[in-house]
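Read through the structures below before going on.
Two complexes come next, and they have one chain in common, subunit A, joined by subunit B in the first and subunit C in the second.
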Partner chain A sequence: MTGIRPYADHEDDGIVQVSFTLPLPRGGASRTGALDVARRMGLASGEVVHQTELTAGYTYVVLYGRFEGRIDPYVREGLHRESMSQEEIDVFVAAELGRPIVVVGASTGSDTHSIGIDAMLNVKGFDGDHGLEGYRSFEVHNLGSQIDNADLLAQALEISADAIVVSQTVTQQDLHVHNLTELCEMVEAQGIRSDTVLVCGGPRISEELAKELGYDAGFSKGTRPADLATYLAREMAARAAVQARSEGG
Partner chain B sequence: MEGVGETGPHRVGRVRPKLDLDDGEVQACRKAATVIAEGVEAATTGLTTVSVERTLLRILGLNGADENGVPLANRLVDLVHAQGKLGRGIGFWVANALLQTGLDLKGIASTCAEGELDLCGLPEADQEAVRRRAREECEAAVAAVAAGAQERWARRERIGENPPPHRYVLTATGNVHEDVIHARAVADHGGDVIAVIRSTAQSLLDYVPDGPTTEGYGGTFATQANFRIMREALDEWAAQNGRYVRLSSFCSGLCMPEIAALGAIEGLDNMVNDALYGILYRDINMIRTLVDQRLSRRINGFFGVVINTGEDNYLRTADAQEAAPSVTASQFVNFELAGRCSLAPHQIAVGHAFEIPPDTPNGFLLELAQAQLTRELFPDSPVKYMPPTRHMNGNPFRTHACDTLFNLVTVGSGQGLQTLGAPTEGVFTPHIHDRVLALESVSYVETTARDFVDEIEFKPGGLVRRHAAATLKAARKMLEEIAEEGLLVAIEGGRFGDVPRRRGDGRGVEGVVKKEDRYLDPLSETLSRAPVAMG
Partner chain C sequence: MLLSELEGQGQHLGLISIGYDGERTDSLNPLILKPPIRCPAGTLVATTDTLVRRSKAASETLVDTGLRTPLGTVSIFRLMSPAEIEVAGPSSASGAQEAAAAMLELGAERVIVDGSIDRRATAAPEMAEAVITSTGAVLGSSEEEVAAITEKAIELSTLPVLDDRRLRDRLNLGEGCCLLVGPDGAKPLPPTLPLTASTRDLREAGAFEGGRDAAFYVPGSVPESFLAALIPLVTPGPLKVVAENPTRIFLRERSPRWYGERGVRLEVLNRAEVRAISVNPVAPLSHELDSPALREAISCRCPGLPVFDVAAPDYSAPA
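What follows is the complex of A and B.
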């Protein structure tokens, strides 16, 4: 038997906690309804441990159940190797590229949140980790929030950016997907897609989503500026190596 | 339960001084804030804006939109602005048209919108007759809104409210009808103020959308129709449950005074109404915002609406401990600017926020010091206290724990208005049950720590007193420097929230208009009479 199960108290117990609201009054129907949800989720031995009526006709349920399947951990190799430190990155870029990496970044569309892009790019950074502005190895142009994709692209062209970094915080009704897709299409239409490292980040962005939308990489919650810097440094170095080989050959 | 009429909105108990603040420092802060506010008035006097002009039309009852969804108020003001004639005031052109055409305001607006009438092309009636007509129309409209406000206070008093702190809860589904369900759940679990967050980027729209809305990102559009739908739902809940529930929205962005007018018409009790927020965080032109905020606050003051200032937001971009003096300084400036718009201290919910990183040693004590300081500096104001949001992550249980300690600071410093943090706010716009979990935490803390505020003292020379004194001192220094250079220069230098803005830049700058000598301003004239008496 291969694969694993969720772990709560001991190996293989498979216990998970789920909480949600049903549009039902609190009572028998909400309890059985919740157990039905659990069953359809693949949870056995469901147990409703708490119910609160939020307002007439809406009940909040907390339940526990056992996940009886097994999953194989899906480990992709080399996705994000361990990040370098700021000093290591500065040395690495100087050695590999011999010039700073030019980055333009923004929170695009109607998204007013500059917190993500600022945490990555502004010198102040995040959690004690300097943003890219604080690196010798990066030349940073942070356009801030509520930037049109067209303006971001225009700026990228003007400064011959190596990398475009987009932050998306608001995700209601998949607004971020529309914004990101549009930018990627515009970069392609401009003919600079293959010369540009295109990355996105935000609390609800995953590597998978980023790839699906045509980006080179995606960074989720918990990303430190050094993670982004490491990725950009390695990616640029890899591209430079490919180019050197093709020019040499 | 105390009635609103005797005590005023969110009236909190007299604060008992515990910090032994240096009165000389406090007076110096107030004095510098006065100089700063005078400078702002000097820089903005003689100017009007497209939104200020639309506000008069809104007060006069002009709603509705053309076939493209452009509000008639915008159509009318834009037509005059395009001809460079807004400097006389939309009130002049409209009153003149009322006299010359015999149409009513709606008729004038739709005829203009159809291109059948040019307001500025009509012959000009006798100036005094125009002025008189404008004043009569405005006085009648303001009186009608004031009567509605007085009726609302009477209702609030009759039905009664919870004692403070009033629990201020945000809803933001994007669909006003869903918001109603969320608001009922909030009220059922003890929420006192429902604030419907606006849709993302509404603050950058130079118009107020028309009609009810069911789609929006990150929030629900503030429209007159949405205000009315939510107001009716809350009034219905109050009638059924015997407790009044307040409604709040956001007077900020490019339509600040217009939203104040619509809120007053539709019976909102509270409004977020900061003087600097739009400049710093929405990149709205500073002159535009400062002109707009003045009228929006005069309207809120006149109609008895409680405003929440927004200093808490500065800490999202700046370091909470380093920036603490800038928050205190901004409170003084905001308070002084608001007072000059006839807002009584009990109508000014001075903003503050709990944004010190949760892993800071003694962060709780530092926060308590800051909260107590705010209370003592503004003893007659309710103070609106914001939960930690900047440091919240994807762990709802950690967020819930932080929020619970935040609730203890609120209760332990006797705040009047308390914004609730919800466990999932680090992940998404909280779900319906997340708000109820937040309310359960508040109820727990309020019960278990009921008399904490009366029992607790801060020891002389201790951390709390030292932190408060240092913050006050640094705020005084900052205020005096700002008074010296002027607020506009201070903003240009990035003093607030580390965000520098230039005075000729920013959104909405094209909507700032110089008043001509013959500028007609019936609204300000009407509002400068005594504000409506409370209760």
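What follows is the complex of A and C.
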């Protein structure tokens, strides 16, 4: 038997908890409907353990069910290895590069949300973790939200940015995908793709999606500024090492 | 399908994906199941060590490219037996070009580069000798709507090549510099001008002075905002915008023809070699179009290009 499955009470029991809202009044219909959802999700032995009527005609349901499959986890060569501290990053960048890493960032297209990019780049950061502006090892240009890809690229050219960091929060009709791929293609067209670290972040961004869209890295919910800073520091150091090797013949 | 057909011809193949292919579910929507990629023995594949191990394919590592991606560092493997494999190669066009060159060096007779969502850089003529454009029901709810969007993409890919030798000479090729070319010669412009310019900026740059012979040469990105800003400056004659190749032109709203009708004529120094169109009449978890009707609609709008649906019952491999 290979692979693993979730567990609740004892290892390998496969029990998962799912919560959702049904547009039904609390009662037998909401219970039956919830069990039907569980069945169609492929969960065995569905059991409704909680029901609350949120407002007239809408019921919030919590149910347990058993996931009978197994997943085959694999450990990748991680982009997201253990992060360094701010001080470690500043020392690392000074030693490896001898200059600050120039970063330009924005929320692009029609995305009005600047929370993600501000949390990563602005000095106040997120949950007690300074944004990249607070590091000695980064020169940060945060353009804010609703920035056109062309304007972001122009700014990257003006300041000779080492890295472009894009946040995409709006996800209706997968609009973020088109914004993200367009930026990647514009960077390619401008002839600076090899010299630029391209990073995207947002609630629906995964490493797999970042790869699909042509980015060097993708960060999702739960990312702290130190995670991003660590990635950029290591990636820039790796590129510098490759360049040094090629120059050394 | 392409892999099995080329295998049938006995060709040694190389396979690169600039995105991520062969995975079990779609990166955007995990409810969408994706077909596996089956490679014949001997195929050279650019992917990551982890994905090869995960596929349990018997393989040998030939080259560590050193190219890093979100899914790991890319190496070139030779498959020792037929295998289903997940392919995540270099993400950039230059990386794909590097990997393709290495595969040809290692004995591949043909290298297939699988594209990704809206990604066009690897279709550039310096990268690909031949391009298959993929389209399908995911773009629209009717055969005619999908055909119209496809026509726009093909129109862009097959823009006319600049054949005015005098103008070509004036472009001072090789300098990689953005130029405004008029009767009096070529004037260098800031590289960021096409990215940010308003009509006023362009007027100040002298765009209106060139008259009928005026042309912009933009070696980098040509955004739609640049073309729109040029429209008020076309009097008395058309303005020509010359791009390096079609993959550098970014049109979201309008077609090249629409701009041409308003006096902004798009030309390229090198065109993409589009040889065929493949269609998928199924939009996963949404709707399905009629495959013959879709192919017919696209053929009418894109004459001269063969249109294939490799999953259709009437599909047969081209000779």
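Assorted remarks:
Just so we're on the same page, the second predicted complex is superposed on the first by the 206 of 249 C-alpha atoms of A that agree within 3 Å, B and C clash if a C-alpha of one lies under 4 Å from a C-alpha of the other, contacts with A are read in each partner's own complex, and residues count from 1 in each chain.
Everything below uses one rule, namely that a contact is a pair of C-beta atoms (placed from the backbone, for glycine too) under 8 Å apart; a residue touches a chain by one contact, two chains touch by 3 or more.
In this text the structure is predicted, and so the values were computed from the model without any measurement.
With both structures placed on the common chain, the touch criterion links A:A56 to subunit B but leaves subunit C unconnected.
Within the superposed three-chain model, A:L157 lies in touch with subunit C and out of touch with subunit B [touch as defined at top]. In the superposed model, A:V48 makes contact with neither subunit B nor subunit C.
Contacts of A:D118 after superposition on the shared chain: subunit B is touched, whereas subunit C is not. After overlaying the two complexes on the shared chain, residue contacts for A:Q146 are found with subunit B alone; subunit C is out of touch.
Once the two complexes are overlaid on the shared chain, A:S110 sits against subunit B while remaining clear of subunit C. One of subunit B and subunit C touches more residues of subunit A, and that partner is C. By the touch criterion stated above, A:V18 is placed in contact with neither subunit B nor subunit C. When the shared chain is aligned, subunit C comes close enough to touch A:A238, but subunit B does not. Residues common to the contacts of subunit A with subunit B and with subunit C across the two structures: 204. Within the complex formed with subunit A, the subunit B residues making contact are 174, 181, 184-185, 187-189, 200-201, 203-204, 215, 217-218, 281-283, 316-317, 319, 390, 393-394, 426-429, 431-433, 436, 498. Of all the residues in subunit A, the ones that touch subunit B in their complex are 19-21, 52-56, 58, 60, 110-112, 114-115, 118, 124, 144, 146, 170-173, 175, 203-204, 221-222. Per the touch definition, subunit C reaches subunit A in the complex via residues 18-20, 23, 27-28, 48-50, 53-54, 66, 68-73, 88, 91-95, 116-121, 176, 191-192, 195-196, 219-223, 225-226, 244, 247-248, 250, 252.
Here subunit A touches subunit C in the complex through residues 72, 74-77, 79, 148-151, 153-154, 157-158, 174, 177-178, 181-182, 184-186, 188-191, 193-194, 204, 206-218, 235, 238, 242, going by the rule given at the top.
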